[in-house]
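Here chain A shows up in two complexes: once beside chain B, once beside chain C.
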Partner chain A sequence: MNNIFAIAGVVIKELYRRKDFYVLFILTALICLVMASVNFFNDDKIVRYLKEICLLCIWICSLVIAITTTARQIPSERENRTLFPLLAKPLTRTQLLLGKFLGCWLACGLALVCFYTFFGALAASREHHWPLLSYLQAGTLHWVMLGVVIAFALLGSLIFSAPSANTTICFVVVAFILLLGRHLNKVALHLPEPRRSVLYGFYYLIPHLELFDVRDLIIHNWPPIAWTVCGVATLYGLAYAAAFLISACLVFRRKAIN
Partner chain B sequence: MDTLKLPTQKTERSTNGRVPGPHGSDSPPSCASSGAGFSRQAARDPVLETRNLCVTYRGRGTSQPDRQAVKDLTLAVRRGEVFGFLGPNGAGKTTTMNVLLGFINASSGSASLFGTDVREPIARQRIGYLPELTYYYKFLSAEELLRFYARIFKIPRGERSRRIDGVLKLVDLEQARMRQIKTYSKGMQQRVGLAQALINDPELLILDEPTSGLDPIGRMRVREVIQRLKNEGKTVFFSSHELGEVETVCDRVAILHQGELKVEGRVSELARQHQCSLEQLFLKVIGYAARPSN
Partner chain C sequence: MRSARLPLLILIALLVLCCGLAAWLDLWFQGWQGNRAESADLLNVLMGDSRRMFANHFFVKADAYFHSGFYPTVFDNREAFQTPHMAEDSGTVGGRNRGDETGFLGKPRDWIDAFSRQLFPSRHTHLDEGGASGDLGNSSQVREIMPWLRTSAELNPNDIRTYTVSAYWLRERMGKVAEAEQFLREGLRANPDSYEIMYELGRVYSENKHDETHARNLWQAALREWGKQEAPKADPDKFLFVEIASHLALLETKQGNYRQALAYMERWKARSPSPAAVERYIEEVRRKMSSADQTHTDQSSQNPGKAP
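Let's look at the complex of A and B:
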């Protein structure tokens, strides 16, 4: 565990010493502040639209941070040749991968804390109401979802040599799952066999990232969901993250580094 | 410093197509006998050993056939030796080092460090490695980088600062320790590399062309550090194209050409046996013929 935490620490340092996070945070903050300062159509409930747009910005920014940070980890280590002195130490490749995963995941968690705190402050200034439990659930499930995405991007970074290819593929896959994943079973119903079974199989195979999207709790001030549901969703996400990480470890162990 | 005289030990070796060194190239190394339980048996045990090591890079399709980078390499480096690993570009030196460090797997044969298979991470606990081109996390300072590596070596927290101070002083980087590595000159980066290779007080140092691209002062510094390590009884295994440097600091050398071990032996005895300098021997081994001048 010591080695894994050491590597994770370096990944977090990299994130806060690079400019990516600050640029995205400032951009999101500017969009949200401008939106909050305008009272559209004199609608009292306009704050809900404001919250929806802000949360969408946070989701997009968090995915950008998670995918771009993770996709470059191993390829940049190889390209910059920092991997050589690192693997010449008593460190296994599995520890390296787990350290990278943990670092990216924790870094994204820190970014989420910043984003949600800013968003909460902004929403509270307009609504004078702060449903802390809903924020906690939305933030936690969002973070678990990012864990699945990070593990997937890490696996991709070992398969695709170019970080740009991996980043693009990850974005396309994540967008596809988030937008269409929940409808695949309905589409399958209208298909003849064997395409129906194939699509059903695909539906059950993919990680349903949309399950982690509980933004509506915050937007509509709904009561928090049951913690058992949250727990099951977390276990579901962790199981997918573990499956991707195990696959990544198997790929990395066989890879020649030269 | 006292010198420990050791009896000659014969080890199993392949002699395929190579010029044997005098006394079977197994002459005793000269080692410092300064404490630390340095016994005769320990000195005889190879610190680094390869047996019939072969590495083949797989080709792609018919246009690029398989390439054998290392052929049947059998080497043994014993404790306290400074061993020069020589050869022209593409001879297989870096490939051999990559196998020793577990970056790539051997196609056949075996390699071990301190008697442990190189594929085991624990085999790398007592080694320091300086790659040919030094690249480290540029967003970290030298101190942060060394602290990170010290943590990987599981050096106790209280001991870390003392070690870091020591190696930074050794490579003369105390003043720049808090600056990010991206602000360092090439020579300074090479010295950070040397510092990270020494952070665990290694018993074996593997240096891949440590003076490559350095100015004369940088080369001198690296040479001084190698000399100092030699005096401390450490084992150093390094590749270099600087034959003068190798002649100065090495106890034994091996010359590799096209993946095959051609010559191995003590520097002085090779020179005496072949009646030529190391550079001339090197050129002879690789089959270099000077072009007639017009």
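Let's look at the complex of A and C:
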């Protein structure tokens, strides 16, 4: 376990040494502050459009951080020839992968804490109340979703030849699931057999990342989600992350690294 | 020596050609209708006419906000959402909605569908009725639709419903009469022949400013414009005609101009979906008119020296 945490620590240090997070955070803050300065009919209590823009920026930035950070982990170790000395130590390939996953996931968690704190402060400046429970649930579900994406990107980094290809494929897949995942069953019902069964099977197979997107509930001040629902969603996400990680470990064990 | 001079001459010739073309093109460009550089609007410069495509998207987005996020997608049954509810509830447009507005999601199709409904808004609410909180005293929450309506108007200044719908909510639920009037005037500048905006502006004067004379003038102008634009059509906008004529009729009745009121009521009745109800108004006005005439005759007989 110590080995896994040591690797994770290195990944976290890498994130805060790189400029990606700072640039994205400043960009988000700038966009939100500019949008907040717009005057709509002399009403300074209008806030939901601002919450929507801020949350959209947070989601995009978090996905960029998660996918780009994860996609380059194994390939850069191989390119820099640091993979051999790493594996020469008493460290298994599984531990290395788990460490990379944990590091990326925790680093994304830290980034999310900063982003959601900014979001909360921005919303509170107009709404004058802070629904902490709702923000906590939204942040947790968001983080679990990133766990699935990170595990998927880690598996991709072992399958695809270049980090750029992996990054592009991850973005396309994640965007497809987030935008259309919820509606595949409706489309399937209008198709004739056997296409209906194939599409419905695909619908059940994919990780429904859109389940973790509770932005509308936050934007429109809906009451907090039931904790059991939150728990089931978390278990669902962790199960997919575990499945991708196990697949990645199996691929990595058989992969020639030289 | 000669070979060195030739490229130089070609270069000079090309420069002269460039200057000549630039001078000619500049004059042509200044007079060209598609010249975006004349516009001071950044959106217009960046997007050109394509911005109109996005205007409707933002108008629908405002309606999604009106429902606190509970809104059908292109994959859902949209029969009950053909006319945005925020527009229908404002009384500025006629509704074409059918079916159940609360059940467009239908029954859950599978366990993922059932589970996901607990993670997005899945209850029908309106912001003017308290939205997600259900607090009826908090109807000013409808302010949240305003940024999208404003953006929609910026993108397509010729979409008239954006002005009328915004103005209604601004003055009715946000108490911003001056802003509503200013926005409507902005719309009228972009669409000088719009009877819809004239009618809504008349409502601002009648209901909020209690300036009946100004309201009458605006509604009469609206009725004239309606006659010019809609009357020749095979399927005219009856909803707005009924609204304008009925408001004018009631205003004239209130002011005691019964003959004028009756004239408007006859026009109202001719296009009303429920002429029997208008007939009752007509009877009432006739009764008032005859009693007013009777009073007038009595007063004349008591004071025979005065002029009628």
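One rule holds in what follows: the second predicted complex is superposed on the first by the 252 of 258 C-alpha atoms of A that agree within 3 Å, B and C clash if a C-alpha of one lies under 4 Å from a C-alpha of the other, contacts with A are read in each partner's own complex, and residues count from 1 in each chain.
Definition applied: contacts are C-beta pairs under 8 Å (C-beta built on N, C-alpha and C of every residue); 3 or more make two chains touch, one makes a residue touch a chain.
Keep in mind it's a predicted model, so treat the numbers as computed, not measured.
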Problem set entry | First, second, both or neither for A:Lys186, with chain B first and chain C second | second
Exercise. Can A:Thr92 be said to touch chain B (first), chain C (second), both, or neither?
Worked result: first
For this session: Kindly classify A:Glu127 by the partners it touches after superposition: chain B alone (first), chain C alone (second), both, or neither?
Result: neither
Exercise. Touching A:Ala6 in the superposition: chain B (first), chain C (second), both, neither?
Worked result: first
Exercise. Now for A:His220: first (chain B), second (chain C), both, or neither, which partner does it touch?
Worked result: second
Exercise. Is A:Asp20 touching the first partner chain B, the second partner chain C, both, or neither of them?
Worked result: neither
For this session: In the overlay, work out which of chain B or chain C sits against more residues of chain A.
Result: C
Problem set entry | chain B versus chain C as contact partner of A:His208, first or second or both or neither | second
Exercise. Where on chain B does chain A make contact in their complex?
Worked result: 95, 98, 101-105, 121-122, 124-125, 127, 129-131, 133, 135-137, 139-140, 144, 148-149, 151-154, 193, 196-197, 206
For this session: Spell out the residues on chain A that touch chain C in their complex, using ranges where they run on.
Result: 38, 40-43, 45-49, 141, 182-183, 185-187, 189, 203-204, 208, 210-214, 216-217, 219-223, 225-226, 229, 232-233
Problem set entry | Residues of chain C defined as touching chain A within the complex | 65, 68-69, 73, 75-76, 109-110, 112-113, 115-116, 118-121, 131-133, 143-144, 146-148, 150, 170, 174, 176, 179, 183
Exercise. For chain A, which residues are in contact with chain B within the complex?
Worked result: 2-3, 6, 9-10, 13-14, 17-18, 80-82, 84-92, 256-258
